[in-house]
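Heads up, the next two complexes both have chain A, just with different partners, chain B and then chain C.
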Partner chain A sequence: MEKFIQILKNLDRRWIFLLIFLACIIPFWVPQLFDQKFSTSKETQRVYDIINSLEEGDAVFIDWAFDPTLQAELLPMVEQTIKQCFDRKLRVFIYYPYLTGISLGENLVEEIKKEAHYKDLQSGVDYIHLGYLPIGIDMMVFSMYSDFKSTFGKEGKIFKGIKTFADIKYMMSFAGSAHPELYLLLQRRFGFRMGAGVTAVTGPDFIPYLQTGQLDGMLFGLKGAAEYENLRISKGAEKEKNHRANAGMASLTLSHLVMFLFIGLGNLVYFYERKYKKSN
Partner chain B sequence: MDIINAIIDNTILNPTVQIWMSVLFTLMMLSFLFKDNPLYKLGENTFLGISLGYGWVKLWEITIVPFLFRPMKDAYLDFQPYDLTLIFWMLMGCTMFFRFSRTKAWVANYYFAFVFAYAAGYEIPVQVQQLFIQGSNMMQPLFEQPTFFEISKWFVIIFGTFSALMYFFFSKPHKGVLGKTARVGILILMINFGASFGATVMGRIALFIGRAQVLAANYQASLVLSIMIIIFLFIYFKFYHKEPGLDDEQMH
Partner chain C sequence: MKKEIPILIGFFATIGWYLEFFFAGTFFENWKMFFTTGFRSVAIVGLLVGIVSVLRVNYSKIKYNNDRWYSVYQMSIIALMIIFASLRGVSPGTPFDVMFYYGFSPLDATVFSLLAFYVASAAYRSFKIKSVESAFLLVAAILIMLSKMPLGEAMWDKIPVIGEWIMDGPTSAGKRAILFGAFLGGLTMMIRIAFGLEKSHLSD
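Right after this comes the complex of A and B.
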């Protein structure tokens, strides 16, 4: 036992890095070994139900507040949201508050359009990239409530019947920071409904907004994205084309198991040493 | 020009080259986990350079040209009274350059005065409103909550907040009831920190999973480039890298 404890005490941290690396990468090569099922949280279910309850032609505003550094967590959830909107024949307005997110969003929509089911979608009719505005969210929201179309200086059939932001039925803000709070500050004044898709790091900060009902629903990290994928798959979406987050869930689970193991071993060393020192 | 375009199309914009570059830079950045090395530094500086260059071009294209240069040109060709606002705010923005001067730096304060006045005037009312929304949500009839979990939640929030505050109350020694309350407070704080830490770890691993997905999908490139990077690191640390000596460490 003493020898084992000494090995653990002197273990180079790079072995732990290597194990985490293997735990993340192996499930991608042998996915059938790590097939898993998990429940859907009520926050994810609420986002799904709200978008599902919208009627054909209703408008949804997507606030794309992330860049490629956060795409691992947020891209799968925004992909599923946009696909669900397209399935429901909703009009999708995508706004980019950060410059570095624009090409990511444009690429995603082009990728979605390659699927046979979405190949007839047209820019300016079914969806539109509203681009970036060099103004704060507060000023943009005020401007959108004055004149939605001229705020962004864009044209298209998609704007038919949308005079102000009040004509938008639902909005989803996807961010890895406190960005959605900027909208929440103005929600009381204007009364729009919104949900959020956030990273696991920032997720806990938004729980109070769920309790007050300011956020209708929330997609929380990679698991939230995987839950959303499963909800769509259960309603008939193709599994092969909607498994971006689910593919990462096995890696997430396995890497957490490795971490639990090392936390357990660290505690074992600590308590063993404490007991050993006491007895001497 | 056509030759340059053809070269760019067949190198940087070629999908195969893009995949290999993506795998190479991922592995270069991961090589830091072994030890700080020139490959990591190259990857880091390339990332920073490209991000800044891309950001500047986009800023120029999307912000400065359409919102400043083009309206200024229109104002020059056909001046209207409302163009004065554009000129005024452009001059106010330019006052920022006075920050470079030690004696004339105060000129920029006028611009900051507008910014702070706007921020205070806008932020204070909406933030107070936000606090009221959060506060009023707490003040609900306790036993009208639908489930036992909902009722117990409010107890945890109220007593948890109170006991956590008591932990930071240092005007009396932490003995007796105060000591026990403070003990509950530290437990509440630790549970909170644990939950935040767990979510953070999950987020960081999720970010790495994004890169692992790229490496796993392009396993041939990953294998070849990993071997090349390992050989480079071996040669570098074996023959070129000089470990800092005791004297160097003492000097720092």
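Right after this comes the complex of A and C.
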């Protein structure tokens, strides 16, 4: 035992890195390694139901507030949201508060358009990339409530009937930071409806807003994205069973188990040493 | 006058925006575009200042051979991206987009994903039950982690319910307390700026 504790105590952190690395990548080759069945949280269900309840031609504003650092968690959820909007024939406005998100968003929409079901979608008619504005969200919201189109300086049939932000039926903010709070601060003033898609780390920050009803729904981390994906799979809207978010769930499970193992081992060393010191 | 004018601008802007919130669209309808255009102009000038600053820093590094090749590399990439964007645009499939999507994007994601390895290592070294409080923290953390993966629900169907309770109850209460404190601090700062008591933003 003493020897084992000594090995653990002097464990090179590169062994931890290696195990975490293997735990992350192996499940991508063996996705059936863990049971993937899980229920849908009420926050995810609400986002799905709200978008599903919108009528053909209604406008949805997507706030793409993330860059490639967070794409593993947020890209799957934004993909399904946009696809659901396209399925419902909603008009999609995608705004990028960060410059480094633009290319990611444009490429995702192009990727979606490669699927047979979405190949006829047109930029400026069914969706539009509003680009980046070098102003704060508060300024942008005020500007959008004065004149939506001129705020972004874009043209297209998609703007028909959209004078101000009040004509947008729903907005979803996707971020891995406190960014959606910037909208929530002005929500009381203007009264728009919004939901959020956030990383698992930032999710707890938004729970008070869910409780007050300021956020209609929330996609919470990779699991939230997988729940959303499963909802669409169950309705037959998403064909691929092990799509982007679900593909990552086994990796998430195994890497967490490795974390538990190391936390357990760390505590074993700690308690053994404490007992040993006491007995001496 | 160098200090008084910015303080006066701060005073009117703060009071104006504050009142705007409560008298929505009654008095300040025409101000909105004025402010948003003004901010956009200021932000663009800020962007130019940033570019000049990057050029100056890297120029001196190249001149005095202080990590010269890193600076040469950085400047070359910046120049290349600007040239590509100017010649062919930035839409999907253009050289700019290819560099962004297949160069910047994986590098950016890789740097962030390194966090997972450091978190695991740090958890092993420091996540120990040294007191009753840390025991609570560890148990709560494990329950939350289990509730956020399919295995938790497979083990016991009540784990997601417990995870939700922790999030909705104790976590939310703590977050609310922090939010109250932060916003009260923000309000105090607003009053201090409006009345010229806070001058740090004027480099004073």
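The criterion applied here is as follows: the second predicted complex is superposed on the first by the 275 of 280 C-alpha atoms of A that agree within 3 Å, B and C clash if a C-alpha of one lies under 4 Å from a C-alpha of the other, contacts with A are read in each partner's own complex, and residues count from 1 in each chain.
Keep in mind that, in the parts below, a residue touches a chain if its C-beta (ideal position, glycine included) is under 8 Å from a C-beta of that chain, and two chains touch if they have at least 3 such contacts.
Owing to the predicted nature of the structure, the values given are computational and were not obtained by experimental measurement.
Residue contacts after overlaying the shared chain place A:P134 against chain B and chain C alike.
Of the two partner chains, chain C is the only one that A:N267 touches; chain B does not reach it. Legend: residue contacts after superposition of the two complexes on their common chain; A:E106 is shown touching chain C, with no touch to chain B. Contacts of A:W29 after superposition on the shared chain: chain B is touched, whereas chain C is not.
Legend: residue contacts after superposition of the two complexes on their common chain; A:Y118 is shown touching neither chain B nor chain C.
Of the two partner chains, chain C is the only one touched by A:S39; chain B is not.
Once the two complexes are laid over each other on the shared chain, residue contacts for A:G248 go to chain B alone; chain C is not touched. Counted by residues of chain A touched, the larger count belongs to C, out of chain B and chain C. In the three-chain superposition model, chain A touches both chain B and chain C at residues 17, 20-21, 24, 69-72, 100, 102, 134, 189, 200, 203-204, 208, 211, 221, 223, 252, 255-256, 259. Touching chain C in their complex are the following residues of chain A: 11, 13, 16-17, 20-21, 24, 34-39, 41, 67-72, 100, 102-104, 106-107, 110, 133-136, 139-140, 142-143, 145-147, 151, 189-190, 200, 203-205, 207-208, 211, 220-221, 223, 249, 252-253, 255-260, 262-263, 265-267, 270-271.
Listing the residues of chain B that touch chain A in their complex gives 30, 33-34, 51, 54-55, 58-59, 62-63, 67, 122, 126-127, 129-130, 133-134, 137, 195-196, 199-213, 215-217, 219.
Residue ranges of chain A in contact with chain B, taken from their complex: 14, 17, 20-21, 24-25, 28-29, 69-73, 99-100, 102, 131-132, 134, 138, 184-186, 188-189, 199-201, 203-204, 208, 211-214, 221-223, 247-248, 251-252, 255-256, 259.
Listing the residues of chain C that touch chain A in their complex gives 21, 24, 29, 32-33, 35-36, 39-40, 43-44, 46-47, 90-92, 97, 100-101, 104-106, 108-109, 111-113, 116-117, 119-121, 123-130, 138, 142, 145-146, 148-151, 153-154, 160, 164, 167-168, 171-172, 175-176, 179.
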